[in-house]
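Structure incoming, see below.
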Amino acid sequence: MAEVGYVGLGVMGSAIVRRLLAAPHDVTVWNRTREKAEPLLEAGARWAASPREVAEQSEVVFTMVTNTAAVRAVTEGPDGIIAGLSHGKVYVDMSTASPANTRELAALVAESDAQMLDAPVSGTSITVDQGKASIMVGGDEDAFERVKPILEAIGPKVFHLGPSGSAVTIKIAINLSLAVQMTAFSEGVLLAEKSGIPRERAVEVMLASVIASPMVAYRGPLVLGHPEEVWFDCHMMQKDLNLALELGRELKVPLPTTAVTNELLTAANGMGIGELDFAVLFDVLAAMSGVQTSVQV
Amino acid sequence: MAEVGYVGLGVMGSAIVRRLLAAPHDVTVWNRTREKAEPLLEAGARWAASPREVAEQSEVVFTMVTNTAAVRAVTEGPDGIIAGLSHGKVYVDMSTASPANTRELAALVAESDAQMLDAPVSGTSITVDQGKASIMVGGDEDAFERVKPILEAIGPKVFHLGPSGSAVTIKIAINLSLAVQMTAFSEGVLLAEKSGIPRERAVEVMLASVIASPMVAYRGPLVLGHPEEVWFDCHMMQKDLNLALELGRELKVPLPTTAVTNELLTAANGMGIGELDFAVLFDVLAAMSGVQTSVQV
Amino acid sequence: MAEVGYVGLGVMGSAIVRRLLAAPHDVTVWNRTREKAEPLLEAGARWAASPREVAEQSEVVFTMVTNTAAVRAVTEGPDGIIAGLSHGKVYVDMSTASPANTRELAALVAESDAQMLDAPVSGTSITVDQGKASIMVGGDEDAFERVKPILEAIGPKVFHLGPSGSAVTIKIAINLSLAVQMTAFSEGVLLAEKSGIPRERAVEVMLASVIASPMVAYRGPLVLGHPEEVWFDCHMMQKDLNLALELGRELKVPLPTTAVTNELLTAANGMGIGELDFAVLFDVLAAMSGVQTSVQV
Amino acid sequence: MAEVGYVGLGVMGSAIVRRLLAAPHDVTVWNRTREKAEPLLEAGARWAASPREVAEQSEVVFTMVTNTAAVRAVTEGPDGIIAGLSHGKVYVDMSTASPANTRELAALVAESDAQMLDAPVSGTSITVDQGKASIMVGGDEDAFERVKPILEAIGPKVFHLGPSGSAVTIKIAINLSLAVQMTAFSEGVLLAEKSGIPRERAVEVMLASVIASPMVAYRGPLVLGHPEEVWFDCHMMQKDLNLALELGRELKVPLPTTAVTNELLTAANGMGIGELDFAVLFDVLAAMSGVQTSVQV
């Protein structure tokens, strides 16, 4: 049982905290809006007045926030996490943020005699709830070993990837395929449908084929209709594709299918359906093909 | 034990004939160059002088040839398959050819009081050898039921999809994802590699993630080096993408990621590496990124 | 005054015949539907019963038809132009058709001891009416010199480009830029408009800039509204882009911006606005951006 | 004769200062490295110790720097331009920077009781030298009227476009077409060349056609070889395309041809030829086509 801190209680962060509480661990939390913390406080978590206090009260402190700017907001300044770190503590960022920023932050954290790991989670909040999430970790290997038991309470597959920033880089490298695979799948479904094969049948057969990655398997059926809960909307996906495209420019790697898919996400936003899961890439292409879908464009 | 005919003895056709012989079935074969038939003749197949004769001597006659033009070449004219069909026979085309052509041919076959099915195979010759190939079938359902036991001798997963042309359409819809998924995977690997993660490690982690479709799982490792045997080269893949793009234009379905990937296959040809498996899409992007690979561009 | 034949009396062909009659030349015409010939017959042209007869009655016979298949339809067979050619005659194809087909036809024409030139026209029917069209010519230089005075009656800028097929190849190389330039222009106008600059003002300023090719200058204003008469619809443009993309595959030249623009033309068709001038590429992107235009998508 | 300040003495800034001196105006200058100012100081310009001092000594102060960050660097802080502004002064930014940043800066400038205009220049340093540059201006109309005579000393075509940020937005909207037009032109030249038409001839004919924008006319010939002086390299062009793509995301305008061309610029960088004028887009496509050019890839 460890003293664990958690900053950022969105859908994903909350799911992770639930698993930490069940481990059980002592969990101190903070979120920009306290409201979202309530169910967790009822379940046994403690509230802290700032990210700094979370860090002060924990051996290991996690963040899971929207983007690079949000990571900076909760780590920097007098109330930020870094101000609360000290010798032996480990700061673990689970956000998908800029790898360059991760490396800068890791250097700042080291100045406090603490250590930072980047540890993005693969999967959705559902995967976390089911205890099936996998976690990739970048950064110092000793720090990784110390934190590993806590990470395993979140998900069973935990592996160390390399130096600081490497885990978040791989996450970005993986996530661009999510969006591109979804687009290609949608192109295929529309071809089949306009050839006279019912959409349901096309999805069924394609999900039984060699292109059915786990991602295509769980997201493909969304072309038949969206559930109420949104897993990963176009804005979130576009944030990740932008990280990929920035990295590509910086490292001089052309990313043609990512770039094209990114513009289709922009179209989703332009058509007013960007709040839905990025599987609406199908609906964007459907609108361009004159095909009706469950989503009103 | 049925009288079966087989026209087109490339790598894939030969693998299928081996399974038909092992079933066992009586197999009569024909190929444009007789040389390729020799190993099969030694294994018990019989040679016929023309595609027409193959059809005359068989209850069920198969074709597996390169493209739409090749299908026409072995079916039309006085020595073609259609001239050898008669009441009750079934002609099964396993090629990936134009669905419009399939429907035209099916109508011609019906005039001979026979029936035609389109039955593209999913997988490679290795999958066939292992008895794991899956076969999608389009066309008349009665004809399908009659041919089904023979198809099951080739691969265990045989399913009827819909009217004539629907199976080959789905095959095309699936195959475009093969190429696009490979491109997106390559974009990710190059990002990781140029970030300092060894290519082998990047591949390993990405193959353990949600983007690892069966296709990515067996083709992804080719970014580390190509085997001597080529599974599916850029010309073959480009043929399939062209079928997709033609269908897209005809049916008014825009296929942006397919179109972009197709131009990268053209680049593979332009760079002189189009004879390799289409996994060289990685090497095309690597050349554009200034990254060395095992393939000399 | 020469004996001139003209096959193919669409908007462009009719404009050219009007100039030939005004030269004046003796003009014999044929068209798939006679109706379109009527105004020209009233203006002095003579009707022939078939393309062959046109060729028989002329020293120089022109064609201007929709595509490669249409060129074959009026040249081949017992009633085709080739059947009516003989020593010394020149056949001039003004269509934008496949360069490979042009070279094949030129060889057939040579067998009749006649000669073939490919001579696509740059510009629209309006440019022809104003006597400003320019004509590029491929094929034998002597034949070119003989035909040159007649071509100059159509437009003042006539120049010989190289061997058979070279003029139509350049036409294709130019036409792909028409479509891509229009797309890029539209992207810019939409950026400006959504930034708060009135569309009219954005068009005006951009037409005064270094990107204002003659094409952008006359087609750019169509983003403000389409005239009743359609100059060059999406189907016609897509035919030309397909010729470019086929040539690119054959010659191993990747054409990424052409490929992407081609899919947007497919989207125009899918959205039901493909009958309009290809400047509707703007309206396609506008629909993807949630911007209203004069065209109902 | 006005008291004019100029900050940023690259190739373009220096050309403009030469014209201001010739007008004649009193010109005070500052540059990050003083060395570049020497020829101008010899020609009569005065050196100031900081951007702030330039602003203090001038009625109108200009900046022309690399990007948004550089604009901030010379305007903010105790030594920045804003610290040197006061009632009645006008600050004119000629850089191509983020329009959002322009609007923020304009608000800060207004707090000093001064006014800011964005005034990007269309053309190259050669155009400026020849007195042919055109200048688009965004911002307050009164401030524009006061500055107009000075702008006219730089180039004859000066026009007011709209509120703050609108001129730089239009500049971005225009510049994306520069890159895309160059790509499409290159695709066409390569098609023609691989068809057997000499590259020089293809360029000549295409420059005589309707696609020959002024940009294509002066940059097109670079596909035959690059001059020693680089006009606008891939890094500069990519900076502008990134501004376009960011604006596109923010405003929800998909920019497919811009996005694809941007990845080709990344490829230019990856291939090690990004220091050349962005006309090397031709050489990138040539390398992908297996065609030799004057540029060593």
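We call the chains A, B, C and D, going by the order they appear; numbering starts again at 1 in every chain.
The definition used in the following text is that a contact is a pair of C-beta atoms (placed from the backbone, for glycine too) under 8 Å apart; a residue touches a chain by one contact, two chains touch by 3 or more.
Just so it is clear, the model here is predicted, and its values are computed rather than measured.
By how many degrees does chain A turn when fitted onto chain D using C-alpha atoms, rounded in steps of 5?
For the C-alpha superposition of chain A onto chain D, the angle is 180 degrees.
Could the interface between the copies chain A and chain B be described as same, meaning over half of its residue numbers are common to both, or is it different?
same
So, what's the distance in Å between the C-alpha centres of chain C and chain B?
Computed from C-alpha means, the inter-chain centre distance equals 38 Å.
Could you grab the centroid distance between chain A and chain B? Build each centroid from C-alpha atoms only and quote it in angstrom.
So the centroids are 37 Å from each other.
Measure off the straight-line distance from the CA centroid of chain B to the CA centroid of chain D, and report it in whole Å.
The answer is 52 Å.
Of all residues in chain B, which are in touch with two or more distinct other chains?
Only 248, 252-256, 260, 264, 266-267, 270, 288-290 qualify.
Please name which positions on chain C make contact with chain A in the complex.
Residues 256, 260, 266-267, 270-272, 284, 287-291 of chain C touch chain A in their complex.
So in the complex, the part of chain D that touches chain C is made up of which residues?
The touching residues are 99, 122-123, 134, 136, 157, 159, 161-163, 165-166, 169-170, 172-174, 176-178, 180-181, 183-185, 187-192, 194-197, 201-202, 205-206, 208-216, 244, 247-248, 251-258, 260-261, 264, 285, 288-290.
Using the touch rule from the top, collect the residues of chain D that touch chain A in their complex.
238, 242, 248-249, 252-256, 259-260, 262-264, 266-267, 269-270, 274
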